[in-house]
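So the structure is just underneath, and the comments pick up after that.
First chain written, first letter: the chains are A, B, C and D, and each begins at residue 1.
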Amino acid sequence: MSESTGSAAERIEWTTHCMPVLASVTDELRDAKPFSGARIGICLHVEPKTAVLLSSLKDLGAEVVTTGNFGTTQDDVVAELNARGHRVLGSRTDNAATHLQNKRQVLATQPHLLLDNGAELYSELEHAADSPLIGGTEETTSGADRLRAAPPLGIPILVINDSPLKRIFENEIGVGQSVLSTFQRVTNSTPAGKEVVVAGYGWCGRGIASAFRAAGARVSILEVDPVTAFDAAVHGSAVRAREDAIALGQIFITATGDRNVLPVEAIAQMRPGALLANAGHFGVEIDLVGLTNATRQSVVSPSIERFTFPTGHSGFVLAGGEMLNLAGGAGNPIEPMDMGLTLQLLCLKEVWQNSSQLASGAQPVPESINRVLAERMLAEMAPHLRAPREGSEPHS
Amino acid sequence: MSESTGSAAERIEWTTHCMPVLASVTDELRDAKPFSGARIGICLHVEPKTAVLLSSLKDLGAEVVTTGNFGTTQDDVVAELNARGHRVLGSRTDNAATHLQNKRQVLATQPHLLLDNGAELYSELEHAADSPLIGGTEETTSGADRLRAAPPLGIPILVINDSPLKRIFENEIGVGQSVLSTFQRVTNSTPAGKEVVVAGYGWCGRGIASAFRAAGARVSILEVDPVTAFDAAVHGSAVRAREDAIALGQIFITATGDRNVLPVEAIAQMRPGALLANAGHFGVEIDLVGLTNATRQSVVSPSIERFTFPTGHSGFVLAGGEMLNLAGGAGNPIEPMDMGLTLQLLCLKEVWQNSSQLASGAQPVPESINRVLAERMLAEMAPHLRAPREGSEPHS
Amino acid sequence: MSESTGSAAERIEWTTHCMPVLASVTDELRDAKPFSGARIGICLHVEPKTAVLLSSLKDLGAEVVTTGNFGTTQDDVVAELNARGHRVLGSRTDNAATHLQNKRQVLATQPHLLLDNGAELYSELEHAADSPLIGGTEETTSGADRLRAAPPLGIPILVINDSPLKRIFENEIGVGQSVLSTFQRVTNSTPAGKEVVVAGYGWCGRGIASAFRAAGARVSILEVDPVTAFDAAVHGSAVRAREDAIALGQIFITATGDRNVLPVEAIAQMRPGALLANAGHFGVEIDLVGLTNATRQSVVSPSIERFTFPTGHSGFVLAGGEMLNLAGGAGNPIEPMDMGLTLQLLCLKEVWQNSSQLASGAQPVPESINRVLAERMLAEMAPHLRAPREGSEPHS
Amino acid sequence: MSESTGSAAERIEWTTHCMPVLASVTDELRDAKPFSGARIGICLHVEPKTAVLLSSLKDLGAEVVTTGNFGTTQDDVVAELNARGHRVLGSRTDNAATHLQNKRQVLATQPHLLLDNGAELYSELEHAADSPLIGGTEETTSGADRLRAAPPLGIPILVINDSPLKRIFENEIGVGQSVLSTFQRVTNSTPAGKEVVVAGYGWCGRGIASAFRAAGARVSILEVDPVTAFDAAVHGSAVRAREDAIALGQIFITATGDRNVLPVEAIAQMRPGALLANAGHFGVEIDLVGLTNATRQSVVSPSIERFTFPTGHSGFVLAGGEMLNLAGGAGNPIEPMDMGLTLQLLCLKEVWQNSSQLASGAQPVPESINRVLAERMLAEMAPHLRAPREGSEPHS
């Protein structure tokens, strides 16, 4: 449910109803309290879905302290959680300094486990040796890349986004569909019959391309990896030279994970009225600094800003160039999040119970966890088709 | 843009920007003022897109008085229009009596032309002979059916929804996509992997089926016309016996134009947690009266209500059973509405200028108007592909 | 089954097995012999599927004489039918004069009913008043257009192709799929990642566009009707100016029903190696005369001919520019033909039994026949989903 | 082009024309003769596309001896190649003993490199140490699995099918599309509106599911890996319990790589008239032995066999249960084969030139080769969109 259509408590109630997988796993483990004695530090988007995970972790015995990611925190959800006895920091309007302070406050609680989104907490760790930290999880691929580029922390970190389940359901289906529906919601426009350029054909990009194609758009792809570009081409998208795509597009969506994918010089070459949106994790793919310097801006609506070059040439940026489906909508749909957050729970449990048997460093989710979870998802999604198999229980 | 993301004035500004076809036609006719001397009575959903049409009609010389349809009026748009010198009646919370009064007030102004949506005004006409009324338009097929079933009014009424352009772009593409995106917005849920039942496989129904299939759902169809049902079947939907579909579905969407398509007895046979939504023009397809009598209701969010039978069996109704994309979202996307409202303008002009040459009764949009408009839409939608042809100007 | 994979008798046996609807209708009417006393003259593609219809008509009491359409007759099927006591004329290699002679021979038998394909027989009728002819059927839209343009014959002619069932299942699904699969068979090539131009976006054209899009092609449409072109555009095809499409395409497929859609001057502007195929009823859409005069031809395979302009620029014509799915393959799939030929049978019966109650001239299939047949098709296609309804029997 | 539509020489000529990537790479390397001194032993399907590779290898200096895979050899292509000075063994009708002899004859030539398809040659190697063999390639995943399960050979073997390019273009697109088109060709039937069961949702399976869904079928998936099954479910296929799928399907296609996926006991539970086909590499997925014992068989056409249980219950096996697209059609489309065979050439060159730098054992294609080839494919497939980049040349 969108943030505009109900109180934080109502939204959390509906969301809880829509997360049957996390609910059933939590119920099974409730008596065993597998997180007894564990202190967990968390940095992730704070909204109703993650609120349900925080409650599950607490119900299973963990002591949890959480801060939101930068710019996406839903303040009323923070208030509601704190009113329920959670400890959640941060606000949508936090500036960089306050956000850093929040992260350091989380780390100051000396957590045994971290659940991180974008390696925001891990990158603030300086003395892991002195801390009781035994490992944790990282939600994003960008975060995992950051971890792999940094000096090793010497602890196991399970990378949630590397799970094939996440790539399929959250990145391709979830992001693909919610970027389209948020685009439609923010602009009240249909892409049917229009030229859409998707920059990046990773799992998010292919989900976005697929959703927009199904909605009647002609999709062009910008992609630096020729193998991935070839994949796009034989599935019906046009893989174009950069300058051709820039000149052609009416709607641009970035999903590369890179910085400055659409520099201001390219934006100046676009057709009048081009719409620019970002679906990547960080709001750095559209050259907002360049735009601010080179154009005049005016607010069209809370999620649409018009920029106008001195020549009179103008276009629009959606959701301030932040991740469109989160900043302009309600984020990923609940079901992939039900899956993704159950994956977080199962992985944190694995690290807490078996950290000594795990290699150190960023690593994929163990295959056994993926299999257990996939069976559960199938059973919940289509119970008439497939009953859960024996052996799919997440034993405490 | 959604009603939640900007003031009425902002929304009208963005919408105006997104309606280039109506704008260009209005510009061309501005000097000729083809509606000079015409008083137009209107009943339609009052929201930013229709607001732009009201301004165009006024700019082209018409005197206009408008009331909203029942239950969908955006009050701040009414206020904004009245502040700009329009005359618009009605409120979202009007009861049946007040709504009737509004319609009679429109008719009391003695209009020459009517623009109607659901034959709400025409069905209140009793003495057309005494009035200066020379004809008009009717937006919906349901309204046209109502007109054809009633005693003849003796005036030409062009049925907008019978235009192939409307069926293609507004019903199939517009309704199909906006029902899906509003479903996603209201529930924050994905239909991927779920059983969706669409009742009615007219143009709206096939658009809905297509959109949900593209989003990963397995779609079943309930359809009484065997030819239409066959069409659904060979395009990949499952045409099921009614009782099988009722027992199977997880999400139900009605788009039949009929009453009581999902009676309470059927709803009682559904799986627990079934979601019910209506995409038909009138909020009568789900048996809300039956549900009210047989179940206990509770509000989950402004657009989601839970019903619970005495047995404990429960499910959810979205947007109060009103037309989902309007009541729970921002209605059809702008582009089909740009087209549909330009069609309204061109048809009203045709009736005003050539009523004596038109047959009386409900009738299709003249083919020449469809062709002119299609060329314009192609040119605006993809100017790099197809320039407007000579002869496609809407001469005054 | 393809003509290359079995004897005529084997192919007819398999085809009979695959035509359950015609079989069940024939069985029900077998005792009543509704065609007793009727002499039926027929001109249609002679291949295993039509062979099954000829047997049904004979089983139901008719006296039948048949000639093939020009250039598509399967000689071994003719031989097999004649060996079984049918009377079938014509050969694949007939020249125009022989073909005309065959048609006149059919008419010379003084038939009461005609079943025609392309108005080939009707256009040879000169003295219908002197004949016992009371009416008949016409398979194609092109044939119906020809009938409507010619002096009226004063008899009812039910136009099979105007049935919504035919448009859906034979033109869109059947032609669309078989043009793609025949293209793949003839060229052993995939359209994935290529530019395909479809000329004509009628029911065949949209089926072809849809099939090639699903196979990974980027599809452009050439279409003179702006309303139809608009339909293509919002469903994801690129509606291009003629010269742009000519310059862009790698594969061209004509399905307009018009003559000389791809004149030699346009072909000379195409990219080297362009593939040209026709899916329209008559082999006149590609300018073969122009090509013969302007280029050198060489045979690459029985279904692929290379043409080379004096400049060295060359390309390929598939299946000699004749209807690709028939000339290069096995024609439409059996199921749509099962439906279409059952429709022929039911319509001939209607004319034979009720000709006096039918208006004269080319006219649509009566809706009651469409409904009965649609119920039957649904029941045969997915018997587990939908049992035949009462009232769907084709009473004799 | 199908084997039925031209002589071996004609088919090889057309195929050569359709393999521009292999041609351009061969041209570039022609002077350098990178295979000078190399003897290559080959076992693969002998048909026009592989014939073009054999010619390329010979042109680049290699001495080549080839045998066909079991049951798929096109005899006229063998004759044509031998007439052109190649050395090719085998015949379509070889029995197991003769086939074994052929393979041993290839190995007896003491090759330096092997190109194998199904590890047929590698599994006959017993004294690799005594041979001059330095490495080679294996086409299939099944073959690679076999290699990994067997005692190590101590030489590098590049597994072509593990290349992402192969998975995308040959397995998903190529097999998916050609299984559908061959199904249509062999049966002259459309899957529209029917229940299709695909066993196995690997890359081939998902391509098949996607192609049949696009053709209007409702697709169910049998898949033992829950993660893969989940992927199928959220992309719109029904993941069913085995017994439900068996009872429901009208068309069954196996693509698992496993043995006895459809045992005779399951086949006996299917609906009457069910069609069974295999798309896996080996003809062992349908229980043909069980069927032979339990049923009476009759030939319907060269590619369709009917089986009848003593109860009278009957169904059909297509193409004798061998790989449908090869045995009943012309195999994969040319373009993926152009890519796959160029990959073979580039990998054989890599092993020949750099074997000492490669690890021993079955291993993926080096990423640099994938990238070079992807750029070439994009450039050949859509030269107007993307020119080949510098650095994409396959330097000798």
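Here is the rule we use: a contact is a pair of C-beta atoms (placed from the backbone, for glycine too) under 8 Å apart; a residue touches a chain by one contact, two chains touch by 3 or more.
Note that this is a predicted model, so its numbers are computed, not measured.
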{"item": "Chain pair, B-D or C-D, that carries the greater number of C-beta contacts", "value": "C-D"}
{"item": "Taking each chain's C-alpha mean as its centre, the one farthest from chain B", "value": "D"}
{"item": "Same or different residue numbers at the chain B/chain C copy interface, by half rule", "value": "same"}
{"item": "Averaged-CA centre spacing for the pair chain C and chain B, given as whole angstrom", "value": "39"}
{"item": "Inter-centroid spacing, chain D versus chain B (mean Cα positions, whole Å)", "value": "52"}
{"item": "Where chain C and chain D are represented by their mean Cα positions, the distance between them in whole Å", "value": "35"}
{"item": "Numbers and ranges of chain D residues touching at least 2 other chains", "value": "169, 173, 192-193, 216, 233-234, 238, 381-382"}
{"item": "Interfacial residue positions of chain D with respect to chain C in the complex", "value": "1-2, 4-6, 10-11, 13-15, 17-18, 169, 173-174, 177-178, 180-181, 184-190, 192-195, 211, 214-216, 248, 271, 273, 299-304, 329-331, 333-336, 381-382, 384"}
{"item": "In the complex, chain B residues that touch chain D", "value": "192-193, 213, 216-218, 233-236, 238"}
{"item": "Touching residues on chain D, where the partner in the complex is chain A", "value": "164-165, 168-169, 173, 225-227, 229-231, 233-234, 238-241, 244, 370-371, 374-375, 377-378, 381-382, 385-387, 389, 392"}
